[in-house]
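Next come two complexes built around subunit A: one with subunit B, the other with subunit C.
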Partner chain A sequence: MLATRALSLIGKRAISTSVCVRGGHGVAKVEDYALPNLSAEQKSLKEKEKGSWVALSNEEKIALYRISFKQSFAEMNQGSGEWKSVVGGVFFFIGFTGLVVLWQRKYECSIEHIFCVYGPVPHTFEGDYKEKELQRMLDMRMGPVQGFSAHWDYENKQWKK
Partner chain B sequence: MAHPSQLGFQDAASPVMEELLHFHDHALMIVFLISTLVLYIIVAMVTTKLTNKFILDSQEIEIIWTLLPAIILILIALPSLRILYLMDEINDPHLTIKAMGHRWYWSYEYTDYEDLGFDSYMIPTQDLAPGQFRLLETDHRMVVPVESPIRILISAEDVLHSWAVPSLGVKMDAVPGRLNQTAFIASRPGVFYGQCSEICGANHSFMPIVVEAVPLEHFENWSSLMLEDA
Partner chain C sequence: VSIQCGNMFRAVFRLSATGARSLTRSRPCYSAPLASRCYSHGKVETDEEFDSRWVTYFSKPDLDAWELRKGMNTLIGYDLVPEPKILDSALRACRRLNDLASAIRILEAVKDKAGPHKDIYPYLIQELKPTLTELGISTPEELGIDKL
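After this line comes the complex of A and B, so read on.
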């Protein structure tokens, strides 16, 4: 029944426009939101609701609200505290990564070759070679404007303060 | 060359590079401003308690966020095009050098007056003299006279390479069968390092470029010495 009705609509261009005229597919219709099954007490309360609302006590008003809505505004808006677990988890894994990095550095072996994570570095990384390199960069005036040599005081042979 | 852990550009050694540094400052400032604005808007959107479910359109803000980016783009494009055309100015070079890329070294030819040509190989790490820069030094440097416009013609003998010297603001692909021309002026004497900038095989990282800018007299002495050696 539904299938033939649906198929008969296929040839018609009016499908989408008629939906929009009827309010569109996003419109909430009363038929979509039925009340839950009510107990006898709740049914009698619903009957009482049809009369004057002044006659309802506060507890009855709250009970009527609870029939239609699961949470109050306060309950709906309260935070869950989930963010604390998320942040805690993030810190934990970052800490774990830090431990892995520390372990790698301890066993990286630049000079000895016992338990290597990284291979040996070239001899140009040794202390006195690096000093000569630095001196050569200053002698050749590398970056004299704002870069490297600009921070060296050539008269007093020290870094500028 | 760059110092260890350097993030920004090297100091300019040519007028074009100076212009590029200033343009980069300008463009990066715009980028920071836009990013800060967007970050602020994101934080504001995420932390607000206000809601409005019934907004359909708004002509005013649509006009603003169409016009403003167009204006910002024009503000970026104008200095950029200025530098682009500046690089193409007629510059009447004093010297023409040919740089040919090979696997895996550069060769330089100074053929204006005499027939001077030589290869420039990287100095291997184990052969470095103390203090020399690893992976950057070469046995022969491309020596140029300082403060002279130099035309450099770049090509390759086998595969694609790219001749690049950051502090001079030069990068030009070396294409086999094609002659690419660029020019620069070394504004100050010094040694300027660069590296091959187009993947060309196993030793692509090991064919650096070294340009040495010296006073004209020294350049003439050097070229006489090189001719004798050849």
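After this line comes the complex of A and C, so read on.
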């Protein structure tokens, strides 16, 4: 019944652009283009609107506005607090990822090697190798001006104080 | 006549504040139908022609509700704030159609169009005050619907 009433109000044009033939939903909803069903009070207000607008009180003017427009510009343009949920969710998942990383590190080399996430480190990390590596860097004078070797005192064979 | 010049030349509204006046002065196409700096062929519509075209549109005595809505939606779609005389014509069209809600909506819309330029809307209201009092249209501020 609503559909036939809507049809008589606006014709077939708006109906055809909506997904459903009845126009209850879709792109061009019938209620966006036709006046809503008015109560008796609203109808009498609409009659009063035909006269001088100076005679209308502020409440009546607002009521007339609300008949035609669901939201004022202020209401339409107001932001939501959704961004707080989004940022909160982001932090939560970053935190969760941090926990996963911590777990991975802790269990990287258990005795049974069941929970090993990271494999064994290369032999180049062993202390003996590292000492030889460091000596080689000094012999090559790597970073002699401002970098590595600049901090080594070659005369006294120690790090500069 | 279509608007061919780039958007920045379509600042129809002439601000009375000193700051923005330099903006309008620097436009090469300012009231020069065949200015050499235009970006396409053909005659460019002047601001005055644009304004009078819209005033005429809304002044049509038998303008119907659809045409009012269509006109306003098109006008608001442009990159400009309409001149007071265009708005005056539109408000009077609302009066002919017994549509107070649309009249208030028009005022809300132009305030929104002005965007960050907060001095445009008070100027418009100042210019439209005689019409608003004559027709009995309250501004959104007077009704309190400009706040949540």
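Worth pointing out:
Definition applied: the second predicted complex is superposed on the first by the 96 of 161 C-alpha atoms of A that agree within 3 Å, B and C clash if a C-alpha of one lies under 4 Å from a C-alpha of the other, contacts with A are read in each partner's own complex, and residues count from 1 in each chain.
Following the convention adopted for this analysis, a residue touches a chain if its C-beta (ideal position, glycine included) is under 8 Å from a C-beta of that chain, and two chains touch if they have at least 3 such contacts.
Computed from a predicted model, the values in this text were never measured in an experiment.
Residue contacts after overlaying the shared chain place A:Trp53 against subunit C, while subunit B stays out of touching range. Using the contact criterion defined above for the overlaid structures, shared-chain residue A:Tyr65 touches subunit C, although it does not reach subunit B. Of the two partner chains, neither subunit B nor subunit C is touched by A:Leu138.
When the two complexes are overlaid on their common chain A, residue A:Gly147 makes contact with subunit B while staying clear of subunit C. Of the two partner chains, subunit C is the only one touched by A:Ala74; subunit B is not. Taken in their complex, subunit C has these residues touching subunit A: 95, 98-102, 104-105, 108-109, 111-112, 135-138, 140, 142-148. If you check the complex, the residues on subunit A that touch subunit B are 122-124, 128-129, 132-133, 135-137, 140-148, 150. Of all residues in subunit B, only 1, 3, 6, 10-12, 125-126, 128, 130-134, 188, 190-191 touch subunit A in the complex they form. Against subunit C, the residues of subunit A that register as touching in their complex are 49-50, 52-56, 58, 61-62, 64-65, 67-69, 72-75, 77-78.
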